[in-house]
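What follows is a pair of complexes built around subunit A, which joins subunit B in one and subunit C in the other.
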Partner chain A sequence: MAKVAYYPGCALKERSSHLDRSARDATVKLGFELDELDTWTCCGAVPPVSKERIMNLIAPSRILKNVRDSGSDVLITICDFCYNTLKRTNYSIRTDEIIRKRINTFLADDTPEREYLEKDNSQWVDYKGEVKVIHLMEYLRDELGYKQITENLKRSLKGLKLAPYYGCVMLRPQNEIQLDDPENPSIIEDFISALDAQPVKYPYRTECCGSYLSISSPDASTRLCYRILNSAINKGADAIVVSCPLCFYNLDSRQKAIAEAYQDFKPIPIFYFTQLLSVALGVEYGRQGFEKHYVDVTPILDKIGTSSGKGDEE
Partner chain B sequence: MKRIGVFVCHCGINIAETVDVKRVAEEVLKMPGVVYTQDYIYMCSDPGQALVRKKIKEEKLDAVIIAACSPNLHESTFRAAAEEAGLNPWQCEIANIREQCSWIHSNRKKATEKAIKIVGTIVEKSRLNESLEPIPVLIKKKALVIGGGIAGIQSALDIADSGYKVILVEKESSIGGHMAQLSETFPTLDCSQCILTPKMVAAGKHQNIELMTYSEIEEVSGYVGNFNVKIRRKAPFVDWDKCTGCGLCMEKCPAKVPSVFDRELTTHGAIYVPFPQAVPNKPVIDKDSCIYFKTGKCRLCEKVCEINAIDFEQEDRFVEEEIGAIIVATGYDTLPIVDLAEYGAGDIPDVIDGLAFERLLSASGPTVGEVKRPSDGMVPKEVVFVQCAGSRDPERYRPYCSKICCMYTTKHALLYKHRVHDGQPYIFYIDIRTGGKGYEEFYHNAEEEEGIIYLRGKVAKIFRDGDKTVVWGTDTLTGRNVEIEADLVVLATAVIPTDSTAELVKKLRIQTGPNGFLAEAHPKLRPVESINSGFFLAGAAQGPKDIPETVAQASAAACKVISLFSRDHLEQDPAIAWVDEDLCNGCQTCVPVCPYDAREYDEEKNIVIVNEALCEGCGSCVAACPSGATQMRNLSDSQIKSMITASLGGK
Partner chain C sequence: MSENMGLAPPRNPPIKLTRKKVRAGFKKRVIELSGQPVDACYQCGNCSSGCPLAQEMSILPNRIIRLVQLGQKDDIIHNDTIWICASCFQCTVRCPKGIDIQAVMDTLRQIALEEGVDHFGPDQIDPEHAAEVPQPGLVGVYRKLST
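Right, the complex of A and B next:
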């Protein structure tokens, strides 16, 4: 089976390992395997957006160079933060000559004098940004084709109204990421359609969920999440689809606080896109880790006749 | 040896502050051939020029060098002065010690050294300069105006009124342009059609103007005074000589085509005139929408036309014209709403652009001037106007200010308020820019007396919620986010060059600026000319501008053409390439490198000759010539070599 280099990242390795498992299960059903890197470190998550560039770019650069050295030219991630960090680091290496040279001084085994290196043209520049960083959803859309998913569906999600939530880092900044139009995206909608479910459009799909404010100012995040969820509910959504573990955490776990703060609020289940893919491609029910969710997803799975185990493959 | 005089200008303090001009004069006097030097505070002033003239005579100078600003600015000034004193103008040279020295340096000592070297370089050139005579070129006294909007109409009328022939080419079937779409015009609220249509009719009837509507420029060759222009007359499939414009065919046509003129708020048949006041008032058949052309059946228009004017067999015709000068007045478009993803990307029916709102306000528009929104025809009670939709946004859309939107949005809000008294207009703006006669007063009246709410901030997002269109924006004066449930949203979309401009400039071989608008020769001093001689610019094709400015520029461009035509012949700069017939072996290497098609192969003599009228003196051929047979007049290889030596401080 074809293997594609895969970087899970911290969240999916530990706390959200069920999302990682769903992705691995699902891709096997689609005929390729997510091949986890032999060694990998933290990608740095936030630093690429901060000012002090070089130090923050070293960890992701090392990951990218290792991918290249292992003979792969494509790296798949399923977490929006990892995707953003790795892709933007790679973009900087590709487009900024100074950054490219500096980074390579840190990547080289025997580091030359930095001053010498910045004057020099080629000798010490080893990693030039050759690896292509791809989001799993992007891989499904562009490399495999969403049609392949539709053709391999084992459980139909027909009748489910699913609202995509894009968050902040999957699409921005546009000139570096170039995955979709950040103001009017369609990649998750099209993914939902490929699963035979019905995408729900609502105005808050690209608004902020609060991100790390969840830790420092939870009330702010609660308010933001309420607006997003309520907007989707008002547009008739049965559930929400996300592709970022932090969005997932905020939109799911925050519903406890939302219910306390807003009397009219009714909970709505949250799915990671890999979980839905896993369910739809017929992976045994129970491997998606739905028991870890704060908001119970059983009503949704009942709706499509899944929680009973119907449609599981032998 | 030549007697050279050098005049060093202080340019006030522009040069003298950084360059020790007295020392330059002293040092240059030591150079071979230089017999006289003098510094002066403003050499370009009358006394400065008088000094140059006086010394040419007194010192019996054979050549002068003015060490001053760029030759772009005053070369012609000083050459004229030299000529007055009896010197051949090509014996006058400029040494640029301002733009290329004093303005860009701060170290006085080093700048002075550099200035001396710059002058020394020109001294070397001057020593070998020959006296030249201008090359006379005849002028065809017929103008071509491309674009039949208000700019093109005004230019054509002005030239025609002065007695010269004009061809006015317009790609649509009627002249009028965007101005014909407008309702009232700021700041006086004149009805746009009322002031435009008389001009359209005048242009249509003028004995010196030949209208070529539904036509496009196919090919342009030649040079100033002598252009050859090939024009495509697109087939309208209607014999316009026979057609009386009765309109029966348009009534009966079963096809439904969105009206471009009405910003797709209405439809017309496949055979149509864009608007009732069209000039000429003759219909065309849109081949892509015509049922007969698509399916082979119908021809209803042919059946109802009593004078048999419909002709499905018609084909495009080509006409060739000899032209002396060309005015480019191809106008503007607006950024399509589809491009503005955060404003609904064109999917929300009640988000329209400024031109569509003009049609809603217009007495001859689809709603006969009643403001009704497109989705359901309801009279909107809350209307949000969004300025800078795509303008002043260097990261995502257009970096420049579209200039007309502040004023027309205010006009829109005001006219809306006059039509819907209980309605509430909101205007989101970045800044209000009201530079223009009577503009500030117009805005103040609207803001203070008419109850329009101005909100200083950008709109972040527009989306549909039920039958409302929700607008999210910021009011930066109160620091609050604003949410308005609007009935109608009007976007002041960015003014952009027309699609056809890019293609046309390739055919004309004229330049555009970084934003795709036509580039003028000098932003301040030559604003209506292209850098390529014989081409003049008018209207919004050169940059966003309103009607008064457009008309002024159109008349200015016409004036330039008239001034050109008032001469019997043109004088071409003789400082161009020439071919040494004994050295040229006819290899023709230079022919394809010439960007102006000025090189021709003479089979009989087996040499290449220079078309002096076309040559711009760029020097590409000189660089390409393997045998050194091609040289530039007054910039020969030996001149360049000694100039390089001098610039490096050698002797």
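Right, the complex of A and C next:
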């Protein structure tokens, strides 16, 4: 089975482990394996606040350099924060000569100090941004092809109205990310169509959910999430599809606070795109970590028929 | 949230511009750190109208840029606006003059942090909340909002 280098990031190892597991299950069904890096550290979650703080680029640069040294030229991430940070760091290294020099000078000096790394006596080669950082969804769209998914469907999601939620860092800043149109994206819509479900278009799909403000100004995040969720509900969505652990947390767990603040609000289940993918590919429900969701997902699962007649494989 | 949603009131008393303050080097520092041509801003207001958090801010993003042009450092770094920005890049994507406004906001935070204005510390977080938020949120909030 083909293997692709994979950087899970911290959230997927613990608090969003269901995103990690469903992604691994789904990709195996699609014929390739997410090959986790041997050694990796936190990527820093957000790019530094200014170009002066070059130290904040060291951790993601080291990860990328290790990927190149291990012989891969593609790195898959799923968490939108890791994707944004690694991709933007790579962009800086590729385009800014001064940043590239400073980072490499530091990395060359720092590598021998890392005890968990094997001693490496090979000649130092500057990291110039050779690795291509891609999102799992991007890999499915461009490398594998959504058609491949449609051909392998084991359960039918027909009739489900799913609202894609992009959030901010998956698409923007567009000159560095270049995943899709920042104002009118379609990558998740096409993914939903590939699952044979019906994508719902609604105006707030690229609006921010509050991101880390959920911690520093929770009320502001509650208002933002209410606007997003309500917009999707008004357009007839049964559930929302996300890819980012923080979007998931904000949109899912925050529904408790939203229900307290807005009387008219009705809860709506949130899914990671990988969960729906692996469900549609025939992985059993018990492996999806649905117990970690705040909003009950069973009404949606009940709608997912065994209409294709194939049901559980495992 | 201000009572007049989405509309920050005119400043009262009005800003007093002095040559000394305008030329004190604040604007130059912002340009240097962010790499953004803040002088290109012609106040179209696209950033503020697209900002999902504009309603929570007491100075709208376009006015922040104007204050930077005028070197009004104290007005900016002692205001809640720069800490409310969630770095969602909506303004950056929509700016017709190509200013990365989010980078300017980040730079203003860094300047505020350098001046010792810490917005959010580990003691301000609810431990129950901290136990369940995904890690990128925790790492992000401290890297953006505290030294």
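Following the convention adopted for this analysis, the second predicted complex is superposed on the first by the 284 of 314 C-alpha atoms of A that agree within 3 Å, B and C clash if a C-alpha of one lies under 4 Å from a C-alpha of the other, contacts with A are read in each partner's own complex, and residues count from 1 in each chain.
In this text, a contact is a pair of C-beta atoms (placed from the backbone, for glycine too) under 8 Å apart; a residue touches a chain by one contact, two chains touch by 3 or more.
Since the structure is predicted, the reported quantities are computational estimates derived from the model, not experimental observations.
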item: Subunit B versus subunit C as contact partner of A:Cys168, first or second or both or neither; value: second
item: Which superposed partner A:Tyr212 touches (first subunit B, second subunit C, both, neither); value: second
item: First (subunit B), second (subunit C), both or neither touched by A:Glu183; value: both
item: Touching partner for A:Thr298 - first (subunit B), second (subunit C), both, neither; value: neither
item: More subunit A residues in contact - subunit B or subunit C; value: C
item: Which of subunit B and subunit C A:Thr41 touches, first, second, both or neither; value: neither
item: Subunit B versus subunit C as contact partner of A:Pro203, first or second or both or neither; value: first
item: Residues of subunit A at both interfaces, subunit B in one complex, subunit C in the other; value: 174, 182-183
item: Sites on subunit B touched by subunit A in the complex; value: 341-342, 344-345, 395-396, 461, 463, 465, 470
item: List of subunit A residues in touch with subunit B within their complex; value: 174-175, 181-184, 203
item: Of subunit A, residues touching subunit C in the complex; value: 9-11, 14-16, 42, 44-46, 48-53, 56, 79, 81-82, 167-169, 172-174, 182-183, 206-208, 210-218, 220, 223-224, 227, 245-246, 248-249, 253
item: List of subunit C residues in touch with subunit A within their complex; value: 33-35, 52-53, 55-56, 83-84, 86-90, 92-93, 100, 102-103, 106-107, 109-110, 119-120, 124-125, 129-130, 132-141, 143-145
